[in-house]
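Two complexes are shown next, each including chain A; its partner changes from chain B in the first to chain C in the second.
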Partner chain A sequence: MVVNIRTTDTPGSGGQPDAVDWSVLETLNVLQKAGKPSIRRTLITAYLTTVPGLLERAGTAVNTADGAALRSAAHSMKSSSMAIGAVLFGRTCAELELLGKSNTLEDAPALLRRAESELDATCSALREALEPDESDGVCSF
Partner chain B sequence: MSNEQKEFFGKVLVVDDDFAVRILAHETLEQAGFEVTVVDNGLDAIALFDTFNPDIILLDVMMPGMDGFQTCQEIRSTPDGADVPILIMTGLDDLESITAAYRSGATDFVTKPIQWLVLPYRVQYLIRSGMAYIERKRAEERIKELAFFDQLTGLPNRILLLDRLTQAMTASSRNGSYGALLFIDLDNFKTINDTLGHDMGDLLLQQVAERLTTCVRAGDTTARLGGDEFVVMLANLSTDERAAASQTEIVGDKVIATLNQPYLLRGITHHNTPSIGITLFNGLQAEIEVLLRQADIAMYRSKEAGRNTVRFFDPEMETVVMERAALEKDLRKAVQERQFFLNYQAQIADGHLTGSEALVRWQHPQRGLISPAAFIPLAEETRLILPLGRWVLETACAQLAKWADRPKMSHLTVAVNVSAHQFRQADFVDQVVEVLHTTGANPQLLKLELTESLLLSNVEEIIEKMLVLKARGVGFSLDDFGTGYSSLSYLKRLPLDQLKIDQSFVRDVLVDPNDASIAKTVIALARSLGLGVTAVGVETEAQQDFLAGSGCHAYQGFFFSRPLSVESFEALAMRA
Partner chain C sequence: MKGNQLNNSIVAKSDVRLLVAEDNPFNVELIKIMLDSLEYPEAVFVTTGRQACEACNVQQYDLILMDCNMPEMDGYEATRHIRTLESSVSSMLCHRPSIIIAMTGDSMPDNQEECRKAGIDDFLPKPFTIQHFKNVLQRWLPESD
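Take a look at the complex of A and B:
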């Protein structure tokens, strides 16, 4: 298999820790076959279209004091984020999941605000990482 | 990884509600060479399991709806899901989940985040070991087959037969039922091998094996000992030796008839016959090897007797069976040739002749009169009771019609016994209606006598048939009330006119207090249900007095009249 090595830019290399650990997505370059739809693009697109909706659901759960719903939404966000390397946001989701599980929602609004800003950062970093010419097949899962 | 590595193969089902895991697992495993299907929930996974038939399942734990543990358990409980490797994907920090995963039947687990580059190796390892496990299981089954089954025919071999025989003997010693061994040897089998070749001989043995299995019940064993020797073991036969011998002989005859049918061996029609030796067993009285030898000896007697026949090891059983076979043959002929006639036994109520019971008699051309006790059970067993019963009904109705013209007889009823087999025929009602029509007999004077054994099954259907006939005027009595399984609840619902007190109670009514109280009870019961009651087998005045004192005023028995020929009964009626 011809490995289609893409030199990955590493956006967000400022003073604060990176929103995204790019090593995970770099692994995908090894898996990527030439001429096949880009796995990385598929994954990032799916992330960008799914996770913000989940965070909204988490917000509603906090407002309605629904611990179980918070736990479920936070779990999904955590899992997807960890899977693509959005570690910072992923950890915050893990904390939200715990609050939902124990149904202690006092600190949830503050944590939710932190999650919002972390997801913003994550999404902009991911959007930047999408190269404009990668317009080919976005798999639907 | 490169294309020439084809080390990854197999079908993978990925179950995860997280799109990222689904995309990554799909891409990673498919690129590696697996065939991958992904679903996002447990129910879909279970639904897909049968059609996709995966070699491994990757299963997330926390999913909305059915979680991973439940999904795992459900798949394990399906017939094909018991052995498929299931790899649970769970969070690293979650020891509880890992324990729960194994408990629910998972094969192994991986922690998230998943190392995608390593995953294909893990998956392949599990598929290979899963397949190896299934192969080992199959090999064990095959070894078992080799050890206990004959390779040519697939029948149990000698070892398994001996095991089943031991079990059957033990069961027999507990419940008293007889068992039987039929030793079956094909006649002139060697000639087939010598003239047509061993291949054809083998084909014949296979067809014989198939046919033999159709001759026995599910609980019986058909085995091949080797060569052209087969053994059929029958278990749970009658507890009566003679009856068990008859049952076995029926199977023996069936085997002979079945194996006498022509065989088609590679386009060539071939005929073959078996010689069969039978021995009975009861409990653990005889050694297994002794039983097999007895059956073998009996089989040689069959050969000596000219082959294609059955012989018993015990000469007495031989006699019993031969007598029965001869009687059955004669009975068949008797039904065809109508070697029967009817006697009529008077029924008396309050000192007046009210009618008679028609009783069938067999005039055997050589052996003379044969007792109904000797041939009715055989007629029931061989279903010859159907044509015989029909003949009795026709003859009795014709007689009724004749008597209708005689002033002193036109009011007399005739009771006809109807066997359970007969009554259960789908067209029984039509038969009766037709007979009444063709003979012109008055239905009001016909009484059908039923037995309790009829009430053992399908009572609703019986009631329905009775109601149809009753609407035409036909009466019913229950013949042997109290001797069998009568249930009072049925009794209440049956459209009966009369109960009969069985002669076994009447005989000792004066000496046995039990019989006396049974007779009284039947009389009281009949009265409370608004039914008539007739005592059967009244032989003395004292018996009559006792019954009259208890409230029974209708009788039948030698005290009044023995069963008479038509002429004698007519004379009796004229005198009355």
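Take a look at the complex of A and C:
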């Protein structure tokens, strides 16, 4: 299957920091072997089907004042996001993780709203990097 | 770290038995890609610490990549269970203890100490690059057949 994916010269929008540092995916893509499924498509699809659900878990944790659950969900989102190059969202996840770890959730709702906005931008950028028929149904965020 | 534990043994790269305990589907795909690129055999994947323990009850693994942050049972507790299991059967069956590598996003000293106390041999801090992944595996596994 041929997959057209934007490369490192993908521009940011309006001078805003890019939601995705594409150089991270480029680094992983050097592992691509002939005849194997596209690494970038595999990873993008896995991200789009995994991380929005984790953010929902984080939201539930904030609503129920469950610091341990917030820490766990944020930790998982952080590692996936940093690994795919979603650095801005990954940093916000790290902040959420710290709030969960210390069980000080007063600032968590505002931080969660920022995380939702950043994940929205991240998912949009990643969906755009896939061909239209490949992104169908992989991100409901 | 002790290092090269299996390099001095008769285990060939193609015979290495790998178990990966990781609940995050994105990380699972990433690890599959990296293992394939380094030409290690296909690993067995589980998603909880409890499943990792059950897998070790059925078969012995040469190396276990253990996520520390998993539902049901975390990587520390799973490692303690596996070490207990090994101590009860290894003397009878001459099993070599599995090499257990913690995959953790928290590489602070207190976390590393908790890993060591649980019986974890080495760390793979998240997020990891292919080079980090390769370096850690090569410390413990044979590089060729």
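One rule holds for everything that comes next: the second predicted complex is superposed on the first by the 119 of 141 C-alpha atoms of A that agree within 3 Å, B and C clash if a C-alpha of one lies under 4 Å from a C-alpha of the other, contacts with A are read in each partner's own complex, and residues count from 1 in each chain.
By our rule, contacts are C-beta pairs under 8 Å (C-beta built on N, C-alpha and C of every residue); 3 or more make two chains touch, one makes a residue touch a chain.
Treat the numbers as computed from the prediction; the structure is a model and nothing was measured.
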Return fit or clash for chain B versus chain C, each positioned on chain A through the superposition. clash
Once chain A of both complexes is superposed, is A:46 in touch with chain B (first), chain C (second), both, or neither? both
Figure out whether A:68 sits in contact with chain B (first) or chain C (second), or with both, or with neither. neither
Which holds for A:27: it touches chain B only (first), chain C only (second), both, or neither? both
In the superposed arrangement, which partner chain does A:76 touch: chain B (first), chain C (second), both, or neither? both
Residues on chain A lying within both footprints (that of chain B and that of chain C): 27-28, 31, 33, 39, 42-43, 46-47, 50, 72, 75-76, 79-80, 82-84
Okay, in this complex, where on chain A does chain B touch? 1, 24, 27-28, 30-31, 33, 39, 42-43, 46-47, 50, 72, 75-76, 79-84, 139, 141
In their shared complex, chain A is touched by residues of chain C numbered 23-30, 33-34, 36-37, 69, 71, 105-106, 126-130
Residue set of chain B touching chain A in the complex reads 1-3, 17-24, 26-28, 31, 38, 62, 64, 112-114, 116-117
Residue ranges of chain A touching chain C (in the complex, touch as defined): 27-28, 31, 33, 36, 39, 42-43, 46-47, 49-51, 72, 75-76, 78-80, 82-84
